[in-house]
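By written order: A, B, C and D. Residues from 1 in each chain.
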Amino acid sequence: MSPIGSLSNDQILSAYENAVRSRTLDIKVVNAQRQGIIGFHVPSEGQEILQTAIGMLLHKEDIIFGYYRDFSLLMKMGIPVSKILDQMLGNQADIEKGRQMPDHFSFKEYNFSTIQSPVGAHLPLATGAAYALKYRKEEGIVVANFGDGATSTSDFHAAMNFAAVFNLKVLFICENNGWAISLPTKKQTVADIYRKADAYGMPGKRVDGNDLISSLNGISEAMDYVRSGKGPYLIEGVTYRMGAHSTSDDPKKYRVDEITDGSDNDPIRRLEKLMLSMGMINEAQISEIKRRAREEMDAVIEERRKIPKPEPESIFEDLYSEPAWIQEEEKRSIL
Amino acid sequence: MSPIGSLSNDQILSAYENAVRSRTLDIKVVNAQRQGIIGFHVPSEGQEILQTAIGMLLHKEDIIFGYYRDFSLLMKMGIPVSKILDQMLGNQADIEKGRQMPDHFSFKEYNFSTIQSPVGAHLPLATGAAYALKYRKEEGIVVANFGDGATSTSDFHAAMNFAAVFNLKVLFICENNGWAISLPTKKQTVADIYRKADAYGMPGKRVDGNDLISSLNGISEAMDYVRSGKGPYLIEGVTYRMGAHSTSDDPKKYRVDEITDGSDNDPIRRLEKLMLSMGMINEAQISEIKRRAREEMDAVIEERRKIPKPEPESIFEDLYSEPAWIQEEEKRSIL
Amino acid sequence: MTLKTMVQSLNQTLDVLMAENQNVILLGEDIGKNGGVFRVTEGLQNKYGEGRVLDTPLNELGIVGMGAGMAMYGLRPIVEIQFQDFIFPAFDQIVNQIAKIRYRTGNQFSVPLVIRTPYGGGVRGGLYHSQSGESYFVHTSGLKVVTPSNPYDAKGLLVSSFESGDPVIFLEPKRVYRSIKSEVPEELYRIEIGKAALLKEGSDVTVITYGSMVSTVVDTITKNRVNADVIDLRTLLPMDIDAIISSVKKTGRVVIVHEAPRTLGMGAEISALISERAMDYLLAPIIRVTGPDIPFPYIYEELYLPDERRIMDAISKVKNY
Amino acid sequence: MTLKTMVQSLNQTLDVLMAENQNVILLGEDIGKNGGVFRVTEGLQNKYGEGRVLDTPLNELGIVGMGAGMAMYGLRPIVEIQFQDFIFPAFDQIVNQIAKIRYRTGNQFSVPLVIRTPYGGGVRGGLYHSQSGESYFVHTSGLKVVTPSNPYDAKGLLVSSFESGDPVIFLEPKRVYRSIKSEVPEELYRIEIGKAALLKEGSDVTVITYGSMVSTVVDTITKNRVNADVIDLRTLLPMDIDAIISSVKKTGRVVIVHEAPRTLGMGAEISALISERAMDYLLAPIIRVTGPDIPFPYIYEELYLPDERRIMDAISKVKNY
């Protein structure tokens, strides 16, 4: 049973707003990075629609193992922009206490697990979380997002196989944005990514990740399958990394942009055009939504950047359930 | 072009003899292990026909990355039983100088690479060897053998993907013997093993590894493909581990044997019956071949076990291209 | 109380932990019907079912990673890696994930995961069934590293490891699995993580060791009537620095014995800690008696392993210095 | 001779090695058109083609394993791991394969493979772009471990590593990549593996360091006019034991400085080696100034890294002991 038939104008509008707010935050953060306010960023420009679709279909009890390029998903999950920025600034309000690079979020309260830098390494954890749900017969599924590059990792292989062998409720979603830093997907692997499911005896499906309806259709079908206990499922969402890999990257070295902000194949523009053609929205309203998003983001950045850093001694905390003598001694000698 | 049409009686007979000699050596070595003459053994009983087929189709310049259960392949490659036993005994004639457990062979002279214990870890090396062949435009292909359990390893995933992406001449042959120690293949993975090729965009094929003709047909088709430069190929040879995983294993804990020595589905017996039905051989000749094999193996074991151990100081050699002070100092303090 | 081998002690401990806590899950290769290649999990799948004793596919990364995910979400997994030599495919999960998750999430998540694995040589296992890799883990903050030397400690340390709330690498000296028996109470008891045992008391020399070498050291000291403090570290991370330093201050002479290779073996850290803190008490150089810096060879493993002769040589050297 | 950064020096060295030897192949992530994320391989794919500069899929195990296979079969691969933090997925290939292949085959095969990788902190890289993991490799016999501290050494050590015939972990201190320039001759030259450099001579104290900490140490010593021997190890496995011991015998006081965590960091081995050999020459405890045993945090990396204050504290302590 696909939810699309029942998709209301409000839902579409809110999906659109989420994508616009995410894009806007991306642009503002990249600027903040240039000004030295934020240390680093991995923009999700181009992947907003796919991520928003995932967010729309989640249930409250689902556990998300996202990756570092999941801004729109975080926002659609209702995680406040202020908390996102606190992490990126590494300030005193950051629940991670400033320990991780920007974009490496952990929001247990929101069932958003924890992001590491090593690509793919969260995927085996996702199988363990799914086993916990299964063992305790709890509601909910695990959704694990990752890039096309991640499909080459050892972690992907282990996690896909374990999920299938133990018949776990894991929905694997590959956000195939065409690139792993400078490596195009066709040099990452010869196969179509959704076909990698074959190797594990699970279904795989490709969706147009730049199209809201295609994404919602494919993902909801997969979620139905997973929720019903039939086993794990692999979705390949074909999308596109519109900008640089990160603020440290210079994509001109290796590619010419194929999709640019506001062009006809920009996924946000595509949704705009759909909404315009459906008469759901007009250009003035679009401008207003974008203006509001800019205002919102400017205000939150201004507010959050004023929060001071955590105390220096905090870097010696949380290594163990109780402090050990080694770190205590080192803390005394350093501070 | 399949070689089967042109398969001569002599070739079939020599395949049969190879399988019988291998089975006989296996049995003798297991006995020697019980008597404390040899430390350990991983028998290949049940997998003789598949391995013999591989050996028959190899070219001189092909490079083999085999695994620890490849007795029949080694023998079909013309590696003398004496050298096999020298390694297993760890004597002074062992080219590895007694450093590895039995069945962990390296025979560079015969283009048989080197066996490690960690399952699957040779597979990435095979891609490097294949790249060397390609880069130097040399004849030959790389053949990499491994078990069904190995398909779950990270090394398998990396090697399959790299081989496909770089379009390398690697023939991957999974000797699916139904078990990884106590784990049946269906709990190792939900997929059919040959379908794992899909994940890497390469062809995969299943052959009846207990049938000489099916094995030769499938493998030669795959070899033609690989030799012609079309890319890597995955063969799944369905065979059966007739005995224990190793001399340390007690299979009664976890299974009942499905195929036993000399029973109708024993691959050697199947070949015998084929040859008998074709009038190529009679029961007396069969007994004679088996008797000769037993004599041969008894004699070689008797001969090789007399060779003394390497000198104690040899264990400090061959760590680096030139000795380093650390090992030299440790040698002095220990000897 | 009955006499038990270490294998029996561990098996019984796992049994009680599973009986007491529904959230205890075992996972590893061949641990189900087969009971583990060393039989530590024998009978447990039969008793607790396939949902609690999981035979996994052949991928250590998957085992550790899945165990970690279970631990983050409320289960209490105890993982078996069949041989410590085969833990390296999981090394990234260990170093970059489980050791860092509590820290990086600001204590939102923890990974109370025990990774049991047999280690050490002396069973004719060659390069890949003999390694003592404790240094790789002790250098990794965020982990705890524990190794029992006898059946009694095995139980008490496993219980404490299980209850510690942190990821623990639990190294089982496979040479000792069946070679020593001790009295092991049926009920659960604890041996504190981070506390060493003083197995013998003496004033001439401090001999520091752990795990697989403890019985060799104790036998050597007893047989040769050495008047020595013998310290069994029991926990390698964090080490019991107080026990070490107070003994060194008493004896002034130190010999460290382990089976792992010398270079950056535990002996290096112990020696450095002593130099920093008790230099002026030392009457002789700190000597390490260890495995050499070579792969563990199939032949001559008796040369690889520290033995009575090498231990006594070192003791004589520090005593006659 | 021109002034070059370490990145330029390495780039030019790779260029010459490739020009001179057709068998040199580079492989790694993003090393082709992109020239590596730190630009060490910039321009080389353009010059030598896609057959000699390979952009690989995202799998470090595959990179190291494929490189090892090439090396066993006559090619001369030089591998790049994008950050040392991401080498752990390849750890099994490193510890169980490349370090043991010559040994286990009785010298039939060797693995002349150089694994280059940027390491260390100070670039705001947080937990996963800052680690100094040298201990993991130095504990692994069969490997050589090398780390240059300046652009000149980078070239000489890379050439020697390339020619050494063994697997070499070549650790490039990323903080130094562009922060120091030195004169670097165009032609190839060698700096012997296993030999340290005495960067300053003095009689009060021996300061031992390497890689990323060398310039901090030298600046501190110079600025504070400490009368010290400053040793840049350059090779971590095997270390230059003679250089260390002869300096210690002269000064009697030792401070070891590195960025890696203290517990089983290089300082432990250096301290233990000195205790074994030169105990009677010591006038003060051997002190280690190192990174703490915590993951490398994103904020306060200046607290993590040893600095002038901590180095001078240690020097005062040993001088005034």
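Criterion: a contact is a pair of C-beta atoms (placed from the backbone, for glycine too) under 8 Å apart; a residue touches a chain by one contact, two chains touch by 3 or more.
These numbers were taken from a predicted model, which means no experiment stands behind them.
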Of all other chains, the one whose Cα centre sits farthest from subunit A: B
Intercentroid distance (Cα basis), subunit C paired with subunit B, Å: 36
Distance between the centres, which are taken as Cα means, of subunit D and subunit C, whole angstrom: 30
CA centroid of subunit A to CA centroid of subunit C, Å: 40
Where subunit D touches two or more other chains, by residue: 57, 59, 61-62, 85, 88-89, 92, 96, 100, 103-104, 127-128, 141-142, 263, 293-295
Of all residues in subunit B, the ones touching two or more other chains: 99-100, 104, 116, 118, 152, 154-155, 157-158, 161, 165, 187-189, 319, 326-327
Touch-based graph of the chains, sorted into line, ring, star, complete or other: complete
In the complex with subunit B, residue positions of subunit D that touch it: 25, 51, 54, 56-57, 59, 61-62, 64-75, 77, 89, 92-93, 96-97, 100-110, 141-142, 144, 164-166, 194, 238, 241
Footprint of subunit B on subunit A - complex, ascending: 152, 154, 156-158, 161, 164-165, 187-192, 195-202, 231
Complex interface listing, subunit B residues touching subunit D: 63, 94-97, 99-100, 104, 106-108, 113-114, 116, 118, 121, 123-133, 135-136, 154-155, 157-159, 161-162, 165-166, 317-321, 324-327
Sites on subunit C touched by subunit B in the complex: 29-30, 32-35, 37, 55, 57-59, 61-62, 85-86, 88-89, 124-129, 262-263, 292-295, 297-300, 303-304, 310
In the complex with subunit C, residue positions of subunit B that touch it: 39-40, 90, 98-101, 104, 116-120, 149-150, 152-155, 180-183, 187-189, 248-249, 253-254, 309-310, 312, 315-316, 319, 326-327, 330-331, 333-335
